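In the two complexes that follow, subunit A is the common piece, with subunit B as its partner first and subunit C second.
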Partner chain A sequence: MEVNGLKLELGYIFIKDIQFAEKSKVENGTLYVNKEEVKAIILEDQNFKSADVELAKPGESVRIMPVKDVIEPRVKVEGPGGIFPGMVSKVETVGSGKTNVLKGAAVITTGKIVGFQEGIIDMTGPGAEYTPFSQTNNLVLVCEPIESLKQHEHEKALRFAGYKVAMYLGELAKNMTPDQVDTFETPTLVEGIKMYPELPRVAYVCMLQSQGLMHDTYVYGVDAKQTISTLIYPTEMMDGAIVSGNCVSACDKNTTYHHLNNPVVHDLFAEHGKTLNFVGVIITNENVYLADKERSSNWSAKLAEYLGVDGVIVSEEGFGNPDTDLIMNCKKIENKGIKTVLITDEYAGRDGTSQSLADADVRANAVVTGGNANEVIELPPMDKIIGHVEVADVIAGGFDGSLHADGSITAELQVITGATNEMGFNKLSAR
Partner chain B sequence: MLKVVHYINQFFANVGGEEMAHIPAELREGNVGPGLAFQQAFGDEAQIVATIVCGDSYFNENMEEAQKTIINMVKELQPDLFIAGPAFNAGRYGVACGTIAKAVKDQLNIPVLTGMYKENPGADMFKTSLYVVSTKNSAAGMRDAVKKMAPLALKLAKGEKIGASSEEGYMPNGIRKNFFDTERGSKRAVKMLLSKLADKEFETEFPMPDFDRVAPNPAVKDITKAKIALVTSGGIVPKGNPDHIESSSASKYGKYDIDGVMDLTEATYETAHGGYDPVYANLDPDRVLPVDILREFEKQGKIGSLHRYFYTTVGNGTAVKSAKAFAAKFAQELKADGVDAVILTST
Partner chain C sequence: MIITNNEKVYDKYKDKIKIIFVQGGFKDVLVKTRDKIHEGHELLTHPLSSSVKPNETPFKSVMISDDKRSLNLDSLYIIENSIMTYDNFSKHKFGMMTDQITEDFKLIDLTVLESALNI
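After this line comes the complex of A and B, so read on.
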């Protein structure tokens, strides 16, 4: 039966290796990259005075820092629009047709933007266990900004460099036959209810970091702090409708890679039509003003009620200030008689004895945690550093003396990109 | 081989039931009763060198005397580990196990372990100060209890790193510890939601704390006479961050003299905070710590005076417990310095 709504086929081309070569191409699971062409793409932006491109593969003794964003190369094969609509591609509604994915590859952008708010990716050793990007074949962009470039301009330039390079790599897979195809389909609300009348209806409330001053997320090119809570088909996210513009603690910011591969979306789809009816996604922001917080959480609760759902999963991004948004969403949605499960992480202090969140409520009785970001870890020295190691003492999670003479680092888990992800991307938890 | 001393009550020592609960503590060589199962689980890694048997009534009615006697016995033996119980759902036995284990830990500095049912009154009394393994509610759960307690006991005796409560089997003790679960968080969330929707039992991974609410003080009577201090979690520090306050998860606060400082400038101050774009705070640090305005107010007589020192830390990712400790310390100084009111700025 052909239904209305959105249906997307994700075609995975599995990438097991990455190498530099004369000609960029994908062959037998290896991604070959012409370094000069990638450099030229970066240097299209006059805000960069120089660019370098490096490779980092799983198991190598390599430390990448400071990391800003991670992006998965994808390409639209069939259907309207292109990847990253409203940002790079035209602002067409995406999420249907076919999209090819270089699964196992990633573009990593680096640079000292704020100094504090970028992360570390280790490709081997204990640190590698905490970040999903130790498992991907990475093309690392080292872009040096011109003098006098203001931080927010640097952030923007680096953000676009990442998208453009990821799209350039994605394009290589446009005419390829995928190794595996997964189909994701969301019918309209009415049709969904008719299809699965007996199943509980579930929505996903995806909170987007929007505190401003470079704590920003973009939806179809719009800064999320200027949006009101709204609805989005989950497959739109798979085509890059939501992207990260964040400079914020590395462990629990959602990189663009996370948005493309949102694990809550994938795990809800896995149960869709079996144990639940996955109705769709409500996106809501995390602004700093109280009135904004009240308005956005009012709207997410109102939309959940309007969709007639029985339950929602709410994922947070960031910590501290957004804890209040998380608890407001929880309280207001529970007050509508809709059951909630929250995904967060914790700041329980280095010894784990502190109160973990900045806000709390008895209605938040079902919480999944991505772990205590304050827990201290030891990162041994690596043979190769891509980027700047000296920021270890000042990045969020580092402290005076974090960086030792031998190149090893003692720091809080906070420093590792994606370590305590609040979409539930990882297995890490805490008790 | 590691030496273990085991504490059990009269019932598990096969001395008798309630009618024998009055017997005072006695020392026996080797393992007794449930000690055999522990000994088997330890293999040749550890040996129960002695078992202390004490009646539940005796212990609870003569707590001081009983503790003294038992401590002396344990001191003599110098074990690497002290195990008490498991007590399952026996209330007085649970309290005895917790009390004596805590005494051994505190007074002799020897690692200790006990086990009991979650509803045993001893559980709530001791789970935050000791490793208390969660057991079934009756002695029928002995095998299960030994299976959980023996490996944890060996780890404790060897001084190894102890994992999260859910991995090791002890009751959550308020100390949050990371571990790798078998499924990713999103999958766990979907499962939890399905259970919640079906009104089935589920266990939250993070029980909500009792939130600390602070009632505001009464208003300042006469602000024109008041001595005002500035305190911030926005990370404003003298240029160069002399005390190296961390950009996130601050372990300290700074106290800085602003005697004669009329205005904070880009040349003299900056923010150490890693949670926001520092551009605007660095251009004019008064935006976060309004010294300039307060100096104007001071001149115009709108406030009495601006306190000579400001206190500053970074709120970003800083544990509530640390923040509380900082404030408890400098609040005493503010009081001693005769400060009437504080303006707290955040970011």
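After this line comes the complex of A and C, so read on.
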């Protein structure tokens, strides 16, 4: 039967190891990478004077820092468009057909864009428990910018280097038969709303950080701060329609990997037709200007009402001023008679006793937390550092003396990439 | 009107936009902003940064309305909450401030403000 709406088959090719080799290929679960070809891709951009490429595998005594983005290699096998539309592929609507995924592999970009830093991934030890990227086979890009490069240009160049290398690796899987195929289908609104009349209709409001240098997110290549809240098919996200350009305070930033693998979307699909009817996704931004916050939250509430849903899950990105967006979304959607569940994280002080968010409301009465980012953690020294170790003292959540002489680090959890992720991607729970 | 303790913002906009330069830290900017809200100015940008924590960066720029009206309770709520959040964070000061890092913090504050100015 012809599908109205979007249907995407995600084909997973499981990657259990990564190695450098003469020829880049995927064979028997190993991703072989030609280092020189990857370097050449990075150095296509004249903003980089040199580049190095390193491997980091689960269990190795390796610390990666400062991390800018994490990207999963994917490739379009069938259907319109390419991965990361509007960025490195044409602005074609994605999210249908077939996409192959190198599941278990990741490209990680690192770089010192500004003097203060963030983003640690430890591949072993206590820090590894807090980040999902200690479990992936990582290709780490260490790119050195030319002298005169401005921070904005540096950030953009790094971002694109990550996408291009991820595309290059993804292409290796284009003609492969996947180990596992999962199918995701979203019908048109008219059809979807009628599908399971006995089940509650649920939508997802995905908040995107959008506030300036190293605080931005892009949708089909558009800076999210210049958008108003809108609708997106969840499968479009799986093909890279949303990418990350933000990395300050790494614990609660959604990397591009998170957007590709959004756990709220995956869980809503898993429950679709069982406990709920997953109707759609609303994306909304988090701007600095208060009038923008009002406008965007008005629109997300209006769209939720328009979709006729009974409940909405809202995920935040970041902390501080986005807490105001979160609470505005919550209040306005609840005022439409729609129940909300919020996913956030906490800055509750090192002892966990301070108010967790910078805003609050009585209607925010169903909240899931990704953890307390102020929690202090000890990271033992690692045998190998990829990136720049000297930045530990000035890392967000680091403090004077946080880098010790033996290479160990005492810092708040917020230094670790993905540690308190507000999509709920975390591995640890209090249970 | 901009309230700032960031010379980079002050130098760039002092001839274009009404601007109050605060000699002091992050909290001094918040307190000055609160005083102006008490006078009837409306808060236009959120006074908390989204990622760079208030005990980490010493620089802050906030935009408020040029005109004064009766006390805006939404503005008051946000600035009071922001001061409370600042006080929570300032229990643990982050150190290590080289000239380059200071310049970078000024730049980030400037770009966050400019994201609201639409420049």
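Here is the rule we use: the second predicted complex is superposed on the first by the 420 of 431 C-alpha atoms of A that agree within 3 Å, B and C clash if a C-alpha of one lies under 4 Å from a C-alpha of the other, contacts with A are read in each partner's own complex, and residues count from 1 in each chain.
Here is the rule we go by: a contact is a pair of C-beta atoms (placed from the backbone, for glycine too) under 8 Å apart; a residue touches a chain by one contact, two chains touch by 3 or more.
In this text the structure is predicted, and so the values were computed from the model without any measurement.
Colleague: Could you classify subunit B and subunit C on subunit A, in the superposed arrangement, as clash or fit?
Modeller: Result for subunit B and subunit C: clash.
Colleague: Touch test for A:Q209: subunit B only (first), subunit C only (second), both, or neither?
Modeller: A:Q209 contacts subunit C only, not subunit B.
Colleague: Of the partners subunit B and subunit C, which touch A:G320 in the superposed model: first, second, both, neither?
Modeller: both
Colleague: Give one of first, second, both or neither to describe whether A:Q151 is in contact with subunit B, with subunit C, with both, or with none.
Modeller: In the superposed model, A:Q151 contacts both subunit B and subunit C.
Colleague: Going by the contact rule set out at the top, does A:E378 touch subunit B (first), subunit C (second), both, or neither?
Modeller: Neither partner.
Colleague: Given the touch rule stated above, what does A:V368 touch, subunit B (first), subunit C (second), both, or neither?
Modeller: first
Colleague: Can A:D179 be said to touch subunit B (first), subunit C (second), both, or neither?
Modeller: neither
Colleague: Regarding the shared-chain residue A:L268, is it in contact with subunit B (first), subunit C (second), both, or neither?
Modeller: First partner only.
Colleague: With both complexes overlaid on chain A, does A:N246 touch subunit B (first), subunit C (second), both or neither?
Modeller: second
Colleague: See if subunit A has more residues touched by subunit B or by subunit C, and give me that chain.
Modeller: Counting contacted residues of subunit A, the larger count belongs to B.
Colleague: Given the touch rule stated above, what does A:A358 touch, subunit B (first), subunit C (second), both, or neither?
Modeller: both
Colleague: Which subunit A residues contact subunit B in one complex and subunit C in the other?
Modeller: In subunit A, positions 114-116, 151-152, 211-215, 248-249, 319-320, 347, 349-350, 354-355, 358-359, 393-394, 396-400 sit in both the subunit B and subunit C interfaces.
Colleague: Give the list of subunit C residues in touch with subunit A in this complex.
Modeller: The touching residues are 43-54, 56-57, 63, 78, 81-82, 84-85, 88-89, 91-96, 98, 100-101, 103-105, 107-108, 111-116.
Colleague: Given the complex with subunit B, which residues does subunit A contribute to the contact?
Modeller: It is residues 114-117, 129, 150-152, 200, 202, 211-215, 247-249, 263-264, 266-268, 270-271, 275-276, 310-313, 315, 319-320, 339, 341, 343-344, 346-362, 364-375, 393-400, 412-414, 421-431 of subunit A that touch subunit B.
Colleague: So in the complex, the part of subunit A that touches subunit C is made up of which residues?
Modeller: 114-116, 151-152, 209-215, 225, 246, 248-249, 253, 286-293, 318-322, 324, 347, 349-350, 354-355, 358-359, 393-394, 396-401
Colleague: Mind listing the subunit B positions that touch subunit A in their complex?
Modeller: By the definition above, subunit B touches subunit A via 164-166, 172, 174-190, 192-194, 196-197, 202, 204-206, 208-212, 244, 246-249, 251, 273-280, 315-322.
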